[in-house]
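The following block contains the structure, expressed as structure tokens.
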Amino acid sequence: MDNWASHANPLLPHGETTHASSVDLLFLGLVASSILVLVLLFFLLFRFAIHYRAGNTNADRDHRIRKSWRLETAWTVATLVAFLALFVWGARLYLNLYDVPGDAQPIYVVAKQWMWKVQHPGGQREINELHIPINQSVRLIMSSQDVIHSFFIPAFRVKHDVLPGTSEEIWFDPRKAGVFHLFCAEYCGTDHSRMTGRIVVMQQPEFETWLARQDVNGTLASQGASLFRQLGCSGCHGNGSKVRAPALEGLYGSRVSLSDGTMEIADERFIRDSILKPRAKIAAGYQALMPAYEGKISEDEVVKIIAYVKSLGGEMGVPQ
Amino acid sequence: MHKMPDAQPAFQFVDMRQQHDVARLGMWVFLATEVLFFGGLILSYSAYRTGYPTGFAEAARHTKIVIGTANTAILLTSSFLVAWAVTVARLRDSRFAALLLWTAALLGVVFLVLKGVEYSAEFNEHLLPGFGFAFSGPHIHAAHLFFSFYLVATGLHAVHVAVGIVVLVVIGLRAHQRAYSDLYHSPITVAGLYWHFVDLVWIFLFALIYLPGRGG
Amino acid sequence: MTRTRRPPRVLLLSWLALLALLATTVTIAYIPLGVANTVIAIIIAAVKGAIVAAIFMELRERNPLTVTFAGAGFFWLGIMLWLALADYVTRPNFPPVMKWGL
Amino acid sequence: MKNAPNYLTEDNSLRSWLFTTDHKRVAILYFVGITLFFFVGGAAATLIRLELIEPQGHLVTSDTYNRLFTMHGIIMVWFFLIPSIPSTLGNFVVPLMIGARDLAFPRLNLTSWYLFMVGGATTLYAIFRGGIDTGWTFYTPFSTMYSNSHVVLAITGVFIAGFSSILTGLNFIVTIHRLRAPGLTWYRLPLFLWSLYATSVILVLATPVLAMTLLLVGLDRVFGIGIFDPARGGDPLLFQHLFWFYSHPAVYIMILPGMGVVSELVACYSRKEVFGYKFVAWSAVAIAGIGFFVWGHHMFVSGQSPFAALVFSFMSFVVAVPSAIKVFNWTATMHKGRIRYDAPMLYALAFIGLFTIGGLTGLFLACLAYDVYVTDTYFVVAHFHYIMVGGMVTAYFGGLHYWWPKITGRLYPEYWARAAAILIFFGFNMTFFPQFILGVLGMPRRYHIYPPEFQIWHVMSSTGASILAVAYALPLFYLGWSLFFGQRASANPWHTTGLEWQTPSPPPKHNFETTPVVKRKPYDFTIKGKPRAQNA
């Protein structure tokens, strides 16, 4: 908990991540333009207030500006142009949040009323903590088990709501080692203010040793494999089975054609929905035989099975 | 013979024309709020329909189109009768206007009865969310959302029809006592506007509830 | 109190037109036209609504202010639908289940 | 002239007050109602500020704290901010300003007050029974499935109060269209009426969607229809779309009347017509119109599609332009004016300064990348308090002082009023400017306990809040005092233009002896000596 209070001056960018420093630059731009407007306005206000006060009789009060529309259009256009610039600047940065780099390391986050459960692909599990290596971009795949939460790391200037029923993603590339706040930013009930945590950014070697020290009962994928057999998935999807079920090898990242003629990329969300609500997305050429596991398996188990299915190969998934 | 009410404008109006105009304008503003009140439901319907198009079509096939069509015809006819009653009332034929209004109200009651029949049938088929909803097949989510919209929208509409029936009966009574003439007719005009609006809402609800998915 | 009074021609005609439109919209609904089915159903409903508004609600005889008030509700409903559906149509993970199968 | 019967003294029985259809008496009834709710909401605010002095928060438990900020939100939004100017000052002054005897639908006006009080009583009953812990935003699925507080009761209260707003809006729209005095064209209307007209358009077109949204949440809790339930395919964001479609225009319902009052005050106390009258008038309508295109900026991080976020962000920048036009025009009005610093003018100047800061920080929140950082933090709390308290409440007090002689026939003590205005200005800034810094540091909103490094700013904010609480109580005393001992007011104590100043104060029941005929444009101070009445 070393540099807890290391919140340096909030106004200067101290870039925990590339995105954070560009957001701080945007903040300075916004503050500068606002101060410009405020100084202009307050100067005029005070000048008129003092010069044209009722007591000051020798102020020149005739030949007032008659035609106002020239002045009006001038300051309207000026404000519009300034706003357009700020809009474009903000929008461009916002869109970076959506183009996730290819090499981002996926980590699964499950939000539950009033705690964060984090699961690394290697099987390490953390509560209200996220240990990540420096200079390695990270992609969080987040889902909630009950109400809407919001994963907020002030230092990285990033936040995204965590919705029940679907999974949301954020990514960041930490540039500075240190311990940073994690807050829940969407009101979620009694202990909303206790649903906080720490993001620990470590040097690569330290991270390796930390990973090794975690008592891991197998990687996420290996736990998923045992669940795959335990829940009877291998009964149909295993290669020795007599039941016609779509093969899962190489499924992750491939394009799947569905029974109603549409095509979908089999990303984590597709796999997740096919496990929980299989009958809604039936692969072309197959009957809707698979039982729905919604409500029967917990969020953590779904995450493990997804990791296992991904581990069966496919362009996006790296076989572990 | 009942004395014709002296057509005196209310305290804040200059003359009767201004009073009629204000009453009509006020009702149109109220109808605008009703459009947006039902609009909230229309948004939830269209949002979920963009999400579950085939699911909505599948669920809509379970609605009773025969009762729906009959109900639409009934409301259109009663709306016609009310429009006729308003024109007749303005020609000082109050008595006949009262008869027309009561017939329209009767048709409104028939509409509600048919609606009740439809609801009980759907209740037995477990199609009403919150009242033992069960739906087999892959589109259970879409069906649940469709029938939630169906229940809230038609329920709310039925409440508006019931209020309309009471208004038509009361205005009919006043018309029966020769209350209305070309000088004083804003209550019947405003009641007519309300009833036509209730019919207008049903026209759109009919298109959203009973027609999708019929093409198979 | 005789029953021979006849309704004004324009009211009678619009009533019959409404019933005819009802019949057409139901029959068209049973012809499989895919997306067109929804579009036609809404257009016919709009036409029926316009008839009720213009003739039964006497909008055609009213001053432009009343007509604007009548249209305002629908226009603002249009704003709500347009921008909200812009989100639903372009949202990457809605619905969690199926997206484009029309 | 002294003891001529006016609307107050004409018939003082309780029945005559509770069944009045006189717009002036309904305004007084509303004034009593919202003052009560202002202090109920204020009490919750004081408790919150006391609680936040310490990071661990020992004053109340987390659950109580959640119910406190929810109560503060609901009471202040729906039972003070939204009805305040339109239903008190607006109800009183609109018929006077257009030379009419009363509003178009006097009985509806009284019904509106009863709906407001019944809605308020229901909400207070819900709070009394144990309160609500969902926040004033009632986000699903927490409000529909996980909260076990009195959500349905509170929703019913707000649902009923919503109809009170609709009726006020309807009344104003029809009155301003149809009951204007002869010769009073739209461009001769005082700007306060333009703002109230724009507010009424929003009241009438946005509130019904709130009614539907709350009805759906209520049905979901009572019958479990689960239209927002993600487990059954529902989408929690649909609730946010429906809720914010109402709630963003609702913030314009709150601020537009304030802008109208400030236009009147700046014109009167600079003794000069408003600069660019048409621009200020039409910018009010523009705010009402464009205000319906921006609600998505409350949902930038909620999982809304990036495309929609871009659209909403752009429209949020566009809607800021009419507000900028208004601020520039108020400042230009003071140019070459003859400015007097009575209490209402101090409130108007405070409004211009604080509203501008509020508006500019609104741009920070409209800017996508920065909103991702500071939404749901104290930056947002500071932003909307600068607009609501710094803008709306200040304008409300300004208008109250400005029309006080007309309403009560008494003059308030000038120096007490100026002292209160200045104290409110400092207390306000001391309370809410530290919250901007808290927001930039990343302190989330609605937090009962918080990391210790934020404490310094919270302590500053809480001390400011104690000053503000005292400052807000001051007007209650000296205005109350002026009711009995204040100097009697003439028909036009500020020597200003406007039809409402052509009738005695307090005005007789039917407002004008003869309906005035208007021949001149508003704010016509050009006549030497006493400004001739608008209809002379």
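As written, the chain order gives the labels A, B, C and D, with residue 1 at the start of each chain.
Please note the rule applied: a contact is a pair of C-beta atoms (placed from the backbone, for glycine too) under 8 Å apart; a residue touches a chain by one contact, two chains touch by 3 or more.
This is a predicted model, so every value here is computed, not measured.
**Student:** If you tally the C-beta contacts for B-C and for B-D, which one comes out higher?
**Tutor:** Here the pair linked by more C-beta pairs in contact is B-C.
**Student:** Just curious, how far off is chain C from chain B if you go by their C-alpha centres, in Å?
**Tutor:** 14
**Student:** For chain A and chain D, let me know how many angstrom lie between their CA-based centres, rounded off.
**Tutor:** 36
**Student:** Determine the centre-to-centre distance between chain A and chain C, using the mean Cα coordinates as centres, and give it in whole Å.
**Tutor:** Their C-alpha centroids are separated by 42 Å.
**Student:** Counting only residues that touch at least 2 other chains, which ones in chain D make the list?
**Tutor:** Where chain D meets two or more other chains at a single residue, that happens at 177, 205, 209, 230, 233-235, 237, 241, 303, 306.
**Student:** Send over the residues of chain A in touch with two or more other chains.
**Tutor:** 165-166, 168, 260, 277, 280 - these are the residues of chain A that touch more than one other chain.
**Student:** Give me the residues of chain B that touch two or more other chains.
**Tutor:** 25, 29, 32-34, 36, 39, 43, 47-48, 51-52, 54, 141
**Student:** Classify the inter-chain contact topology: is it line, ring, star, complete, or other?
**Tutor:** Basically all the chains touch each other, so complete.
**Student:** If you look only at chain C, which of its residues touch chain D in the complex?
**Tutor:** Listed in rising order, the residues are 65, 72-73, 76, 79-80, 83-84, 86-88, 90-97.
**Student:** Would you mind writing out the residues of chain D in touch with chain A in their complex?
**Tutor:** Going through chain D, the ones touching chain A are 62-63, 66, 133-135, 137, 139, 141-142, 145-147, 230-231, 234, 236-237, 270-272, 275-276, 279, 300-303, 306, 309-310, 313-314, 317-318, 320-321, 324-325, 327-329, 331-332, 334-341, 349, 352-353, 356-357, 360-361, 363-364, 366-373, 375-377, 437, 440-442, 444, 446-451, 453.
**Student:** Considering only the defined contacts, which chain B positions touch chain A in the complex?
**Tutor:** Residues 54, 137-139, 141.
**Student:** Please give the residue numbers of chain B that touch chain C in the complex, ascending.
**Tutor:** 24-25, 28-29, 31-36, 39, 42-43, 46-48, 50-55, 65, 69, 72-73, 76-77, 79-80, 82-84, 87-88, 93, 95-96, 99, 141, 192-193, 196-197, 199-200, 203-204, 206-207, 210-212, 214-216
**Student:** Which residues of chain C touch chain A once you look at their complex with the stated criterion?
**Tutor:** Checking each residue of chain C against chain A gives 93-94, 96-101.
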